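Labels run A, B, C and D following the written order; every chain starts at residue 1.
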Amino acid sequence: MELGLVGLGKMGGNMRERIRRAGHTVIGYDRNPDLADAASLEELVSQLQGPRVVWVMVPAGAATQSTIDELGSLLSPGDVVIDGGNSRWTDDEKHAAELADKGIGFVDCGVSGGVWGLENGYALMYGGDSEHVAKAQPIFDALKPPGDLGAVHAGKVGAGHFAKMVHNGIEYAMMQAFAEGWELLEAVDSVTDVREVFRNWQEGTVIRSWLLDLAVRALDDDEHLEKLRGFAQDSGEGRWTVEAAIDHAVPLPAITASLFARFGSRQDDSPSMKMIAALRNQFGGHAVESSKK
Amino acid sequence: MELGLVGLGKMGGNMRERIRRAGHTVIGYDRNPDLADAASLEELVSQLQGPRVVWVMVPAGAATQSTIDELGSLLSPGDVVIDGGNSRWTDDEKHAAELADKGIGFVDCGVSGGVWGLENGYALMYGGDSEHVAKAQPIFDALKPPGDLGAVHAGKVGAGHFAKMVHNGIEYAMMQAFAEGWELLEAVDSVTDVREVFRNWQEGTVIRSWLLDLAVRALDDDEHLEKLRGFAQDSGEGRWTVEAAIDHAVPLPAITASLFARFGSRQDDSPSMKMIAALRNQFGGHAVESSKK
Amino acid sequence: MELGLVGLGKMGGNMRERIRRAGHTVIGYDRNPDLADAASLEELVSQLQGPRVVWVMVPAGAATQSTIDELGSLLSPGDVVIDGGNSRWTDDEKHAAELADKGIGFVDCGVSGGVWGLENGYALMYGGDSEHVAKAQPIFDALKPPGDLGAVHAGKVGAGHFAKMVHNGIEYAMMQAFAEGWELLEAVDSVTDVREVFRNWQEGTVIRSWLLDLAVRALDDDEHLEKLRGFAQDSGEGRWTVEAAIDHAVPLPAITASLFARFGSRQDDSPSMKMIAALRNQFGGHAVESSKK
Amino acid sequence: MELGLVGLGKMGGNMRERIRRAGHTVIGYDRNPDLADAASLEELVSQLQGPRVVWVMVPAGAATQSTIDELGSLLSPGDVVIDGGNSRWTDDEKHAAELADKGIGFVDCGVSGGVWGLENGYALMYGGDSEHVAKAQPIFDALKPPGDLGAVHAGKVGAGHFAKMVHNGIEYAMMQAFAEGWELLEAVDSVTDVREVFRNWQEGTVIRSWLLDLAVRALDDDEHLEKLRGFAQDSGEGRWTVEAAIDHAVPLPAITASLFARFGSRQDDSPSMKMIAALRNQFGGHAVESSKK
């Protein structure tokens, strides 16, 4: 089938390649003309035969909103827009309604796979009406990993991004689990080869997992991670997971601890710990250390 | 080779079977004569040719201590005792010293694999002097999973149990990660098939893992886990992990949150939340609920 | 001076009384005619001489919005509206802008004091332009506790509710601190009189505080809190505090733990702990307990 | 009455002064002869008339153990030793048993008050048999704050240190509560005077407390705590509180979060966050930052 693909960055570019390898036609658009197949969104739309399917793979927020707005004015009733970016699930219902007013379908799709997706396939979680999902099914089949698993129609509009968001929340806490365990093993004298412990955990243990495999790869590059700074960004989904949990009064202690650990990793000095130091000094006369600045 | 194996419960019995399948001779002893090959520890020791290797697989604490004490009086210099139970790592150095006084070697070995170990092999983490480990190596090879991974000489005496303990700490937080994510997905209306989301996460995602596979098995038995009570025991290693972290001033927020969630799951009513309710009533006149009792 | 006061519930009614005791004229309106001085908002506004000051003390959200909307159509340029309810700080800027279009000033005011405020005074944190604050100053002076402290112009519009929200977040964690300590003391045998420990902590300790005084009052009513269920509501500010922290990438582990403890207290059974139990059963054959239902 | 006092550091020296002001005779010993009244423990004991009461105020652990050992050999049946240091409660039963073998009584006493105790009095929590407590009662009365509160016989031997330990655990979480709230207020633009917010919280709020008063003092010295480094020691009691909670399966999320925040404050770089950064790089190609070293 034919697909219009908007956004040809690291993710979008690889996805185009994987879809083409499956025998489909992809017309890609990107603001960077060196990456693009069509010179404009208008040209992209004009080159597709209806009913059209256009996959949006641009940064969440303003870029996604303006792309969907423009597609809304270019596409025709019966066409379908898929938002495959990292949009917050709360945006999906709004986007679906805006497009539905023009007879255009909408599917939200969370995509997992990162730099490994081109070769291994991308895990897909999508939400929306079955008739809209059906139009995009050949593309989902091309992107997903081989076998029966890796792509799921999770529910209504928004369910795809919601499921992907929770996936990332779980990912945060799993990463934190390995990170805490690694730090503790590195802290004791009796365990003399932490990397070999991690490596051998890959078989027969309860914690065997792809993240463990990746941890071993990282330790093979740099046994004690001495080259790295303990500085971790977060990309939105972790925050949204906690916010969704608060909305539903669901306690998420491990996932939230993982998010806060990242926040802390980005502070040069901790304001709250300054206050702790100040209070200890006030009541106990405990010594304080001067600011690093 | 020949092995003496003390403790033929769920774990020990399966381990005897797996070692025998690998062609070794196992003489097992258990307090339950229906399970035992030898009628006493004394008989077990007398049936082994020196240098003997005896694997202790009994509950941590008093049972392990008394078994090691008795073996200390029965074995000869050059023999080796392996503690494969869930002993706290701090016991290992003591046990090693007691046996070393008699010329007997000691290896501590953490074993992971549960009910799946008989078929898939057991992941092993062991600590001790290389000469003692070498004497037990054929047994380690018989127990471990096929392939190059799954057994590691982690370091000095105590390192095996320490590494296994940290494995379990990581396991706690990984389980908590999936549990939190599942609860959140179940709480929202838009995601209409949480089980299918979990099932499809098994391919292509960052969180694919054996624990995820097991979660899918559990959901296939009982889609919304309605038959179960949210009640989780803990077996010691999670507590010890947090205590070890405190000893080394290592922050373990996610693992500790996972341990505390289990503690909370076993309370019929939360004393601390009674105090919160009482305080809210005191300052705000907020309504309280009467005790369930 | 004259004040219009909208909302005469538990808080609003007591505040009317305290303001009147200070010699001011209060015309109150409430949907419940038994409580009201004026029959309608329109009548309330007509009875005040300009420039008018109207204090809104109704539930946050729809009720506050509709009251402010209606006041916007009734009041005149130069009048001032104070929102003293528990509005989310993000609503304040919107309300201020809506009123500013009509030349009406807006001040947001967080109020602490609960059932004790009538006698002891209410702590006030307000935000807005100085000229608008100045018009309400006599009312703030009437409501606040005696002495130099207890009322603060915290900053711009929204700062009052933001400061009150953070106050409540701190309150959550302080309450949790006492609750955790109390639970631990009650759990050990050696401490034979926990209530007396709490009572005596009221002098000379680092933790002496009003909340401790209230805890002692609660324990005097019910030494082991046996009459209460460990069930705690949360009123919005705790959630908003965590959300604000996420917006600013500020780690709030203790406050968030306190919020999650309340969420957990309201669950009959924990879905996440069902998953933990299910996973333990899958990998280790650990026994599970049946659902209470 | 007469008291022997061993340890005349910051705490012990001030306590000698306060006891003397109450009209008692104190013979103090310290390794530092400039501080001491007696040249040796032996001399101290010889100067006291029986039945003697000797207060030990030296660092927990080895120093306390050796002092108690030496006193055990110097004192007579009917004498009483009070351990007023920060000993772990688990040491108390051992010390009591060792002294009981010689007919010497033992009382453990947790002391709160820090640098403010000389003027305001020290809060005291003590454990032991009533007959031993009675012999020390005049000293407790001299040290405690004026009024009816501030000194409590908490229970059996060990109960005093246990209660003091829990006091400090609560203190950790209360300090963390204020620290988190302060950090969040400082992070937003709308609140323009955080120090004034804190100052005014001292009256009429739910969170008014001595720690809040101290926070205001600290902010008066250094409004944004710019001179300080966010680096906080912990003194043992926080760790022991968490360990005691683990022993009793009591969840302590807020207190533990507070302890871990201090651990984190002392790390130049976080090993666990290095692992998070490494994993993000592995699966997503996310950029990493180089080590600061």
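Note that contacts are C-beta pairs under 8 Å (C-beta built on N, C-alpha and C of every residue); 3 or more make two chains touch, one makes a residue touch a chain.
Since we're looking at a predicted model, the values are computed, not measured.
Within the contact network of the assembly, the step distance from subunit A to subunit D comes to 1. When the contact pairs of A-D are matched by residue number against B-C, A-C or C-D, more than half turn up again in B-C. Across the two interfaces under comparison, B-D and B-C, the one joined by more C-beta contacts turns out to be B-C. The centroid of the Cα atoms in subunit B and the matching centroid in subunit D are 37 Å apart.
We define each chain's centre as the mean of its Cα atoms; on that basis subunit A and subunit B are separated by 33 Å. For the pair subunit B and subunit C, the distance between C-alpha centroids works out to 46 Å. In subunit A, 114, 176, 178, 180, 183, 187, 206, 210-211, 250-253, 257, 260-261, 264, 272, 283 are the positions where the chain touches two or more neighbouring chains simultaneously.
Judged by the touch criterion defined above, the protein chains are all mutually in contact, each touching every other. Of all residues in subunit B, only 89, 112-114, 117, 120-125, 127, 144-145, 147, 149-159, 162-163, 166-174, 176-178, 180-181, 183-185, 187-193, 196-197, 199-212, 241, 244-245, 248, 250-255, 257-258, 260-261 touch subunit A in the complex they form. Chain contact summary for the complex, subunit D toward subunit A: residues 10, 114-116, 175-176, 178-180, 182-183, 186-187, 210-211, 214-215, 217-219, 222, 225-233, 253, 257, 261-262, 264-265, 267, 269-286, 288-293.
Those residues of subunit D whose C-beta lies close enough to touch subunit B in the complex are 206, 234, 239, 242-243, 246, 249-253, 256-257, 259-261, 263-264, 266, 272, 283.
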